[in-house]
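Below, chain A partners chain B and then partners chain C, in two separate complexes.
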Partner chain A sequence: MIKVIHYMNQFGAGFGSEDKADMALGSFDGPKGAGIAFQGFFGDRAVIVKTIYAGDNYANEFKEDFLNEAMEIIRAVKPDVLLAGPAFNSGRYGLACGSLLKRAKEEFGVPGVAGFGPDNPGIAEYKKDCYGILTGAAANSMRQAIAPMAGLALKLGGGETPGPARQEGYIPRGIRLNVYTGKSSAVRATEMALARVAGQKWETELPRVVYDKVAPPAPLADLSKATIALVSEGGVVPLGNPDHMETNNSTKWRPYALSGDELTPGAFEVRHGGYLTQDVTKCPDRMVPYDALRTLEKQGIIGKAHPEMLSASGSMANLSTMQRLGREMGIYLKQKAVDAVLLTAT
Partner chain B sequence: MTTPGRRPPTPLRLLRAAHPDKLHAWHGSCSHLTYLEHPLNKEEMIVMNLTMASYHVIRVEEAGKAGLEKGVLYLNTKDLQGLVLSDDRITDMHLEIAYPGEETRIVHILDAMEPRIKPEQQARCFPGFLGLPTTVGAGRTNRLAGTAVIATAATVLLPSGQGTGVQEFNEGVIDMSGPGQSRCACSDTINICLCMTFRENLSTLDFDEAARMALIKVSDRIAEVTLDRQPDEETVYKTGVIDPDLPNVAYINQVQSQGHICRTFLYAMPMEGFFTPTILDPTELFDGAVVSGNYRNHLRTCTWLQQNNPYVLELFRRHGKECNFVGQVVSRGHYDDLGTKIRSGNFVAKLAAHLKAHAAVLSLEGTGNSNVDYMATVKALENSGIVAVPVVHEFGGPGGDEEPLFDFAEEAVSVVSGGGIDRRIELPPMKRVIGGDSIRFTNSTSYNKSFDPHQPYTAIAHFFFCGFRSLQNHGWRCEEY
Partner chain C sequence: MCVTALYNVAVQIGTNRIVMSGSKFHYPMGRPDLPPEDEKEWRLRQTRATLAILEKPVEGVTVFTQQDLFP
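Up next, the complex of A and B:
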């Protein structure tokens, strides 16, 4: 028999509404409120052994206490799956559901299902950490939420891995995995093109990707006093590639000390899989223009040429990996009191 | 779709025997002369009309004499060795045959081709490499269906591990069975592997050219067995508007050509530099008008895949029934800056409009930088009122929870996912390895470590021959979880 723990807020558990939002975490044996409807759906396939509840303020303002107390119960009961909510559009409730399911998954590997209304902030915050079922905005849509939440909980509690979001009906978690369709891309592309031309419905297989826009910082007040560093994704590394920098699909960056007035030809090589690198191998300054930077320093146009280059290979890299590299480089350069970077790319 | 008033084909082999000195003159005829001699009427001269004769092969055997009997293809090993070793840049060649389903892994692959030959004398397959670049895609072509000739090198004499960027040999293997089989090209054909040893200290230019010419010559020679035989199957291909009530669909074939070692040839001419998108009849692909010299094995489209381009075959399958397949535009990616990328995309859209396309299906060879050209093309097509359906390979990291693409046009509203290239799979060990004793990859998962290709390993699409394209062709996609 699949063992389930159900989490609700003070309202769902029948204590009262906003006036009880500060109440601490507690629990019942067996189902309560929406849990009774879940248990009805389960029949003898699963049993709600405990119901945990807490006030919404308590769950959010004393989040660590709330989570620790909840985890103690989960540790003792050892459920196969968790249910939370449905929270509908109640923001604090949704965040409490998500944080609890996230922690339980991290600590015990127990999967969980939550119900979120379309505007619940819990979706953006926790969709990756649990299976969210989209419900109506308010509690009057409770009945419609029961079957999809309970159905998915049965699957997870039984050790099954649910199929894709659009088949199973949960909120997409931003995880894209390979599935075998049995139809080549040529067939599917042609079918999609013909459907669109005929004015029929079609569904893109990759929804639009929207990227972050980075606001540029304020301009330098005085370039002649500024320290400028060179950062490049062009893959220039010391000869022999001492840090085993990767050519493609890379995961790291390194700072390399520079001296003299240029990058000495022959002292560097290029680890980059995306461009013709011979010219840079012959003259590494053309990727990392330290010669020009030193000239500007001598002319007093810039304050100081930072005597290091930060190097990485951007060839076939993951965007989020590159974002991490950028953040790490930013922290590093701040520590070195660098005011601006010259970023060269391929 | 039948061809009227055809002059009976003269076997090329007989012609060669009878007039060895004239062969060059025939191939040397410039294209309008070829057309004047062509038996078709003027209307049909303009639209390509190709009869593809398929000879099905179910077994391949080495023998003292070439032949084709009841589906068994006999290879004259000595003759093929002589042909390959006539180029003194190659010092040794032996054959190995691999069948689908075997526990076999093929490594150190340079390219793959399907043996094809044109029995009439006007043009030859792989134009520009064999004879002058006479226009192909019309007349008749014989193919040995179900086979591929695969060039491998005992030691890949390309710069490798020396920090040479895009001009680096990227290993990409073929698994003839197991979970890798549906993730690489030429894993469901009978593979005739030319295992070659090259002279030491060759320049990369010489190595590349010798490898390609050996493969082309062998493909051509093997296909000669079809010349005096009846095919098992004949298909006539002809693009154009068959039924004006059907939508017109074009195919946009974006290839990768960034320079020597990472290059695609169009009628034997490299496509990088000032290349501007152009119209190519899809049947010209069947005859080897596009040849791959791209040793970035994981993301390439090998020559076999251009000869058997799945997009072209699919559009022909629906041609005259659900759509009119009106033609193909070939373009390339990796233009130098945003302006030239937009320019290229606009040229594609303009040519697709000239083809009177209502919709276009697009495929991409290359990645990253080339994806920007690809999206610029989608944007230009959609803004010209042409429905664009691009097929993309996705990034996203091993867990699939990172960004799937680096560039995305908001006009790309109908995208086909070709699967995530960095999701991992476990490959079993293989009993037999063809092509070399050790392999080495250049990406981060197993950076630069050499290992025995018999052993099991954790793979991503970067490990396979035509890995990115093969996920798509075999029917993989990403689904949101």
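Up next, the complex of A and C:
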């Protein structure tokens, strides 16, 4: 019998709404809430042995405690598969589901299925780390979420590897799998081209990445009153690279304090795998023009030069990771009351 | 807003205010070919003209060339 653990937030587990969002992690034996519907689908093919729950604030603000406590339970129960949510469009809930499934996969190799609404930030953050089923926006679409989530969980729990997203119905994870077809790429491409010309159905093997459309922010009302921050993907970091910033495939960014009237040559180095860095190493202002920004501050052209640069390497960057870095930087700069950013890129 | 020599990449990902670097990929805000004082002056003019773009409204992805910066 396939053993399942199901995760829900305070609302899903029946404790209450926002007023209970701080509640710590706990668990029940057996299914609860949506879990009862999952169990109904499973029949005697699988059993939900435990239901883990936590408040959405707890799961996000005390993420490490939340994850460690959840892993304790998973370690003891040894489930074959995890179910989380469905979180619908609830952002914190979706992030909690994704983070839990990611950690369980990393620590125990236990696969998991989560339910996300179309606007849940959990999709962008964790679609690679779990199998996401697209649900409706709100809990009134619960019924439609049960069968696809439970069906995929049965497959995973039984040790099967699901096929591609478009066949199995989960949210594409951005992972390309190699498949033997018996035909060379030239033959396949020609067949696609012929089908297209003939107006027949054809399917690309390499879907194009779809980029977000972001509405342009309103212009600054008055540059001379604005605080401007410098952000760069050029990989300029303090000498010695104290944070071990990556040269390629960055997974992190750091704010670095700036003082004086320029980026002192010799105090910085460049960690970036995508360009000849010697000229920026000699004079880091060539990438991060702090000297100019300071002068403009003194001249009253801008209000203030924010005394930090936000740094990362954009070399061989992974789009979803860069979206996360961008989100994190945006939140950080808003907290610092920065009005606008000059982002310099290679 | 983004300053870059690879402005087509910035266009592709949907950056709204893009300034084409007046220099090169390896140093978008530098001119190592100039004497240090002239380079500093060049960077100041570039930065000032670039920041002025922040006061201009845009409807969507917009590329500003060096000619737009210095008409």
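As a working rule, the second predicted complex is superposed on the first by the 184 of 346 C-alpha atoms of A that agree within 3 Å, B and C clash if a C-alpha of one lies under 4 Å from a C-alpha of the other, contacts with A are read in each partner's own complex, and residues count from 1 in each chain.
Basically, a residue touches a chain if its C-beta (ideal position, glycine included) is under 8 Å from a C-beta of that chain, and two chains touch if they have at least 3 such contacts.
Since this is a predicted model, take the numbers as computed values, not measurements.
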Chain B versus chain C as contact partner of A:M287, first or second or both or neither: second
Touching partner for A:T321 - first (chain B), second (chain C), both, neither: first
First, second, both or neither for A:K128, with chain B first and chain C second: first
Partner chain(s) touched by A:L276 [first = chain B, second = chain C, both, neither]: both
Which of chain B and chain C A:I228 touches, first, second, both or neither: second
Which of chain B and chain C A:W202 touches, first, second, both or neither: first
Touching partner for A:I302 - first (chain B), second (chain C), both, neither: second
Partner touching more residues of chain A, whether chain B or chain C: B
Chain B versus chain C as contact partner of A:P219, first or second or both or neither: second
Chain B and chain C footprints on chain A, overlapping residues: 211, 275-277, 319, 346
Of chain A, residues touching chain B in the complex: 128, 162-166, 172-190, 192-194, 196-198, 202, 204-206, 208-211, 235, 237, 241, 244, 246-251, 269-278, 281, 314-316, 318-321, 346
Touching residues (chain side chain A, partner chain C) in the complex: 211-214, 216-223, 226, 228, 234, 275-277, 279-280, 282-283, 285-289, 291-293, 295-296, 301-302, 319, 340-346
Residues of chain B defined as touching chain A within the complex: 162-168, 170, 182, 247, 249, 258-259, 296, 310-311, 313-315, 318, 322-323, 358-363, 367-369, 387, 389-392, 394-397, 399-406, 408, 410, 412-420, 422-423, 442-445, 447-448, 462, 471-481
Residues of chain C that touch chain A when the two form their complex: 1-6, 9-10, 12-14, 16-17, 25-30, 32, 39-40, 43-44, 46-48, 50-52, 54-60, 62
